[in-house]
Amino acid sequence: MSAWFVEIFQVVFVVALAPGLVGLIRWIKARLQSRLGAPPGQPYRELGKLFHKEAVVSKNASWIFRFAPYAVSASTLAIAFLVPVLVVPRRLDMVGDLFVVVYLLLLGTFWLALAGLDPGSAFGGMGSSREVTVAALAEPTTATAIFSLALGAGSTNLGAIVAAALNDPWTVLTPGHLLAFAALFIVAIAETGRLPVDNPSTHLELTMIHEAMILEYSGRYLALLEWAAWLKLFVFLSLLANLFFPWGIATTLTPGALSWAIVTLLVKLALLAVVIAVMETRVAKLRLFRVPELLTASFVLALLAITSSFLLR
Amino acid sequence: MRLFSKILSVGIVTEPLDNGGEEVELARQVAAKTQKLLGRAVGIREVDAGSCNGCEIEITGLTSPIYDLERFGLCFVASPRHADMLLVTGPVTRNMEVPLRKTYEATPDPKLVVAVGDCAKTCGVFQGSYAVVGSVDAVIPVDVFVHGCPPEPSDILRGILAALDRLPPK
Amino acid sequence: MIFVLLLLTPLLAAATAALVRPYRLWVGWVTTVLSFAPLGAALWLSARVLEGEVLTWGPGEFLRADALSALLALCVSFVAALAAWLGPGLAVEDGYDAAERRSYRVFSNLFAFTMLLAVTAHNVGVMWVAVEATTITSAMLVPLHVTKASVEASWKYILIGSVGIALAFVGTVLAYFDFVNLAGEQASALNWTSLLASAPSLHREVLKLAFVFILIGYGTKAGLAPMHTWLPDAHSESPSALSAMMSGVLLAVAIYAIVRWKIVVDAAVGPAFTDRLLIALSLLSLTIAAFSLLGQRNYKRMLAYSSIEHTGLTCLGLALGPLGVFAAMLHMVNHSVTKSMMFLLAGRIQQRYRSTEIVEVPGLIRTMPVTAGCFAAGMFAIAGLPPFGLFISEFALVRAGFTAGRAWLMGAVLALLVVAFIALVTHLNRMLYGTPPKSTSVGEHTPWALAPIGLCVVILVILGLALPAPVSRLLNKVVEIAAP
Amino acid sequence: MSSLFSQLAVLGSSLTLIFALMLLWHRSVDAYTTAFAWQSVVLAGIVAVVAYFERDPELYFVAAMLLLLKGWLIPRLLRRMEGPFGAEQELQPYVNTATSLLISGLLVLFAYAVCRPLVALSHLPTRAGMPLALGLIFVSLFVIASRKKALTQVIGFLMLENGIALLAVLGTYGIPLVVEIGVFLDLLLGFMVMQLFVYRIHETFESLDVEQLGRLKH
Amino acid sequence: MTLMGTLVTGAIVCYLAGALAALLGNDRWGRILGAWGAASGAAISLSLGMVALASGSVFSAVFDFPSLTGFALRIDGLSAPFLILTGLVGAASSVYGAGYSAAYTGVYSLRKLGALFNLLLLTLTLQVMADNALTFLLLWEAMSLVAYLLVLTEHREPATVRAANWYLAITHVGFAALLAMFFLLSAGDLSTAFDTLRANAPVPTQRNAIFILALLGFSAKAGLIPLHVWLPMAHPVAPSHVSALLSGVVIKMGVYGFCRIVLDLMSGGPAWWGGLALALGVASALFGVLYALMEHDLKRLLAYHSVENIGIIFIGIGAGLMFQSYGLMSLAALGFVAALYHTINHACFKGLLFLGAGSVLHATHTRNMEEMGGLIKKMPRTALMFLIGAASISALPPLNGFASEWLIFQTLLGGSHIPEPAVALMIPIAVALLALSGGLAMACFVKAFGITFLAIARSPAAEKAHEAPLSMQAGMGILGLACIGLGLTPFFVVPVLGRALAGLDRLAWETTVFSLTLPLNTPATFGSMSSPLLAAGLLILLGLIPLALWVIGANRRTRVGDTWGCGRIAQTPRMQYTATAFAEPLRRVFAELYRPTKDLSIDFHPESKYFVQSIEYQSEIHPWFEKLLYQPLIGIFHRIADRVRWIQAGWLGLYLTYMLVGLIALLVLAWWTP
């Protein structure tokens, strides 16, 4: 099977399944709340509806507002290309490593935050302000966690890290690795706007982060942004899954390996979805000014991870 | 842990579909309609144009586990930009006239308006008050009125159904 | 002939001014023209000295001029000419009455004469007499306008100056005592050359004692701390032209006296001793001057403290070996030109703003743009910025220090220089910019008076960019004398 | 012979020092002038003694000059100044009398210490007076520093000059005549200028108290 | 004459001619010709650097002036990158300045401005060529002085004079340190050629002193914490094209000098050298951006970001030094290359941002962001350029800031090869803080761009804004292109810089191979990144998304309406989020550090306290360093000065006592001195 075909396939796979994952999380949450809930396929329907609605744009907004959805989704898609989801090693490993992924995330945040400010609405500004705050505070944790992973693998290349974990499965159980996982998990929560950092289903403007920024969007723009956000969640979760529990990921390009990879990935994601849903049911949203405490905690975890990696190396 | 044991013990309380009853029947129809017309995903923006909040209490009931609006693909959204339908309650007061109109303008097409409660239609006991402009349809085009003071959640669902019915096919 | 021109013309000028009554403006111009004669003589003298001559005159070689004398004579006569040109007594609107003008013309010329005599006298006793006489002649001029402040300043000046110089005489007597005890009494005993010739056999302990007194004595006139206290008062209260002469060359003449004695004492005791004393006093001067500059509120006093700082630097250079002596002498020349120019400019500013407080002279750059420009250039120069001569000499001085292995000392000096620099520049900017008071008129009133100032700036820049060969040769000859 | 010379020199030196110390316990300017005049006379006497023993005609001349100038002319001028400012007294010096005397004693001791190499080096019979001369210089300096009236300071300064002259005479039997004449001239001029300024101070400040001279600061 | 000799002469002639033209010409022609002189001189400087890099040859010349024998110039691999950045930023800001300075006509002296601008470029160009300490120091002082006078351009503003004072004071402290440093280094003889100095080996204690002095002296110029205070004062008040030069080039001379001394003349030192530089770099990076966040003066904000970026550069150098001391030469080279790369990049994007800020200032006559807004519609090209700059400085891929910051991250990761526990702790913290400052920089530039250019105008001035004239746009365009170009070509830039460094005599990494392959393969092979591919990918995706939308037949109707504000009557500028509000969460997070003072005053209606007439909220940040370091320091100095003032108490008796005491003291001292 052509290597390039696999690259494309991965992206299509990710893009296609991303709304489903969100739907799954929502469905599990509904069940946990003793509700029937919408079926897991609901996000696809929402996208379909949004694509067929008109878009209303504020008269104060500039081209930034219209361009941002494309920029955000492009950068998120680029991440989808770079993250190993099904196969390692990959051709695209050389294009970017884990740092590139992190900075692409920042690129998306940058555009989205600008778009939030563009129409001049107070909500948008508030959302942007909070979003960049959270993004900035999550940065050190991400970098430190990456560092600790890179220490183990000798590279910041995602493929190399996953491959290293595959070669020596026991590294996964080292304290450094586990702590780094915890740290990155918190970052993922923060970056993807899940509870307790942000409530994806809130209706109160004053408690919003991500939602506040896109409050002004409608129609296809909203669809793109929502999809990009879901994509981000999917990519983040599969990254977590593959970095720390790489079993099942394909190392050859045979159809069998690939299908096995798909299956294991889906299982891992489902497990993570359950974890997230349970957690979101369990905890309430934090006050905005307590979010830094959470992120600091994650930073400490990451630092501990790196220290133990150094010491136990 | 206690939370989880509670979740397990309660189970799903949403009224099952095969339970009969008017609401469920309605719901089924709504589900079918929304699927057809809006891809079975409708964002609802609630606008309180001056109600006594009785209607709001009932509307809130729609999101409870019992009625669980979400299972039909309906959900309340935070911005009219995200909405497909406006749920307007109460008589339109002077202060809420412009906001109501603005909300209507802010909602992208295609869109629906459901006016909930007697006040929305007749202004109820507030009729003739110096602070009241008039009924909702005096300000924005209304697709469906839902009667009742306040209407029951099932009535509201019926109203939504009626509105979806009126949506011109795309 | 040279000596006649050098010494008698000032006396002639003084006599003219004293005898013509009532005072007329032409007298001022005559004395001004006459003041160029010493300058010419000093130039001539320097030319002769550069050819390797040592000029002497009079019974028992009463006057003697070597390179060191020539250098000082040049400075003194230049500044004296400048002060004559820009001092009171030439124009109607200078704000002085006839008696004051005459007094200025008489005593400034006598002052110049005493300084020239001090640097050309062969006999260190006569040199002392001349230096003492500078105190008298200049003290007469400090309260040209009698005010409480100027009387106070002059009393402090004359008392401290006289006491100090008396102590220098104690030193002279002690050195003479030493000499007489070894070589017997003779008429030429206090002649500098005889002292130097017999120095190696002189008694060390006594000479050391003598040098302490001499350093304290002449150091008082030079403005070395802790004997500097008269200097800010006298410099700030006297007429600007006199301040220019005092700060520009009187200090240099006192340093000259110290150098003369240092040569003798070094020959007997070795340079380590004098170096240590000089370093101690100059470091104290630098410290006091730098921090006084920081809190200064009066720009003429600021200039005076800067003179203390530069005296300190010059004396420091003297203690740093031949390179240091070269730097010190260059520094002295640069300082003469700069500081006399600065005091003359300060006089212009004072005349316009009627105040010597820094905060009361804002917006200089708008009211008197050319004066402000020259003032800024001068301030940059005394703060030690390129492309002015003082930068080069300070640079050379620091270099001498590092070459002499005194890195820590130089570190301290650099730090103090930075403090002084910051103070000076801050004060300068406070004066240059801002909004001038409404009552202050705008424009340069007497532009012709800026010509000599411009000349000073040019000289400074030349000294900063390219040290002319004759100057450096003269300085090298001085170094040969002062640090053999 | 030589011991008599030496005795006389030391006696004279001690006398000059005592006259200087008189400045510290007297309060009236009149007394100061008298002390100075007597000190100058003693100084002239010492010079004359040296001239006699050394048979140096130059020194006779110097002695005469001293007597004329410092023993007669300057005290006369000083007395004339006392006319207008007679009431000015040294009432409250910066340092009180007892402390002043103590400090003076210390200064004289210090002078002895400093003079050790001088005395060791010299073989003149007058050498024993040199520390006293230096002591006189120090004490005069202290007087100038610690007294408040301009006139007192002038007298202190004149005593300082006396001390130097004494040092010169004791150490070297006088300095070369050229210098000596210059010094006299300077002294006279200097005194005149100081006198002028004393008048000016009195005119401007209506007092001779130098404490008033305190406006120029920092 | 060789090609390089011709170029050097050409550059000098151009600058001098430009200065002369500016001095002699009238307002209009002097301004234009002066700018031409500067621009052509800068272009020659740029080509000079490129020639030096491309040919790898060394230019060397000694000039003898009457007083100054041995004015020595030499161009080598280390000079070349700095020549390039001088040329780039110089050319752009001269072109820009031609239009920008027109606003000064009749207000401030254009002649002075034009002439000094040319002179500054001249000194900057020559500075990196200096081949002995004397030349270096003279040019250094000349450069500082010219820059000082340029800062003073708008001298009628009190803030300008204050800033100039600070600048001159700190730069002079630095100069004193450098003077001492060079004297120690050259054992007193400043005209010793650098080549001879390389061969000399000072004793270790002296080496340490030299290092400390060099760090002090050069960090004063570069604006490293704690000597950074002059930057946020001086950069805002200077004319914007001068600010661009100050921030883009002048402070880089500190980096250059540090590299010249520590990498070249005294190659190799103990590990703590690197550690110290690294720690200072990290502190600067973090504090710089933290204070930038709280700034609402657009140019001050940019100036604080210069502190941040200088910190990042010093992180690279410090890490490199540390590796060098442990013998990890290829990692050391990576660190130095990364630092140099970031130096050039920062020059480009900070130059661009200052020019952009200048255009905004030109259009609105205010530097206060709270009075801007909506400018993207009035001045779209400026906005685009500022956006490029903002994205670059926020290290967003695929622009140039990202490329160099990525390299610095890779360098730091190399720290894992050092077995010291101290290093093991230091490096991760450095990584984390660097990442934090990167994230905060992004936040800060969202604020800077968003509040300035987006939404609706917050003041009448902003409403009346207009696009900058063509010359100013051109100036920004040059740097904008440079940002993009440098971002896309790390595969080319990195090996070239590596070779340039390898050309230095004492560096032992000649063997290090910097491969020229398409992806940026670093020598340590820690990670890989290819910004051209990334850029291409992003562009393709940007094209594909609309295509996909078209394929699925998405609704393409767009209706323009009011901004949604919960149905309020009308939107006014006061309803927008302000810069203060935007930064508020971060201020609360870092409140311990900022220690803001709050002042809330509410005016109630006289009749009832339920009616509020006005609410005033004021909150101020006192920069920590000014409060805790400089103010006490200044306080101490002033206290000493006050004490010293009492020496001159106006009391004659006291003065005479000083003499007596001085005499006695010296007599005692003489006693003890042989």
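Going in written order, the chains are labelled A, B, C, D and E, and every chain counts its residues from 1.
The definition used in the following text is that a contact is a pair of C-beta atoms (placed from the backbone, for glycine too) under 8 Å apart; a residue touches a chain by one contact, two chains touch by 3 or more.
Note that the coordinates shown come from a computational prediction; the quantities given were computed from them, not determined experimentally.
Engineer: Using the contact definition stated above, find the chains touching both chain B and chain E.
Structural biologist: A
Engineer: Return the chains common to the contact lists of chain A and chain D.
Structural biologist: Output, common partners of chain A and chain D: E.
Engineer: Taking each chain's centre as the mean of its CA atoms, which one is most distant from chain C?
Structural biologist: Centroid comparison gives B as the farthest chain from chain C.
Engineer: Considering only C-beta pairs in contact, identify the chain pair with the most of them.
Structural biologist: Counting C-beta pairs in contact per chain pair, the top pair is A-E.
Engineer: Quick check on this structure: which chain has its C-alpha centroid closest to the centroid of all protein C-alpha atoms?
Structural biologist: Taking the mean of C-alpha atoms per chain, the most central one is E.
Engineer: Measuring between Cα centroids, which chain is at the maximum distance from chain E?
Structural biologist: It is D whose centre lies farthest from that of chain E.
Engineer: Just give me the whole-number Å value for how far the CA centre of chain C lies from that of chain D.
Structural biologist: 31
Engineer: Would you mind pulling out the distance in Å between where the CA atoms of chain A average out and where those of chain C do?
Structural biologist: 78
Engineer: Would you kindly tell me how far, in whole Å, the mean C-alpha position of chain E lies from that of chain D?
Structural biologist: 69
Engineer: Considering chain B alone, which of its residues make contact with at least two other chains?
Structural biologist: 79, 81, 106, 108-109
Engineer: What residues in chain C touch two or more of the other chains?
Structural biologist: 155-156, 159, 163, 167, 209, 232, 292, 295 - these are the residues of chain C that touch more than one other chain.
Engineer: Of all the residues in chain A, which ones touch at least 2 other chains?
Structural biologist: 52-56, 205, 215-216, 219
Engineer: For this structure, enumerate the chain pairs that meet the touch criterion.
Structural biologist: A-B, A-E, B-E, C-D, C-E, D-E
Engineer: Can you check the complex and tell me which residues of chain E touch chain A?
Structural biologist: It comes out as residues 373-374, 376-377, 383, 391, 394-397, 402, 406, 409-410, 412-413, 416, 421, 424-425, 428-429, 431-436, 438-440, 442-443, 445-447, 449-451, 453-456, 519, 525-530, 533-534, 537-538, 541-542, 545-546, 549, 552-566, 571, 573, 575-577, 581-586, 588-589.
Engineer: Inside the complex, what are the residues of chain C that reach chain E?
Structural biologist: Result: residues 155-156, 159-160, 163-164, 167, 208-209, 211-213, 215-216, 220, 226-227, 229-230, 232, 272-273, 276-277, 280-281, 287-288, 291-292, 294-295, 365, 380, 385-387, 391-392, 395, 398-399, 402-403, 407, 410-411, 414-415, 417-419, 421-422, 425-426, 429-430, 432-434, 465-469 of chain C touch chain E.
Engineer: Using the touch definition up top, name the residues of chain A that touch chain B in the complex.
Structural biologist: 30-39, 42, 45-46, 48-49, 52-56, 201-205, 208, 211, 215-219, 222, 278, 281-282
Engineer: In their complex, what parts of chain E are in touch with chain B?
Structural biologist: It comes out as residues 557, 559, 561-562, 564, 566-569.
Engineer: Under the definition above, what is the set of chain C residues touching chain D in their complex?
Structural biologist: 123, 125-126, 128-129, 132-133, 135-136, 139-140, 143, 146-149, 151-156, 158-159, 162-163, 166-167, 169-170, 172-174, 176-178, 180-181, 185, 187, 189-190, 203, 205-206, 209, 232-233, 236-237, 292, 295-297, 301
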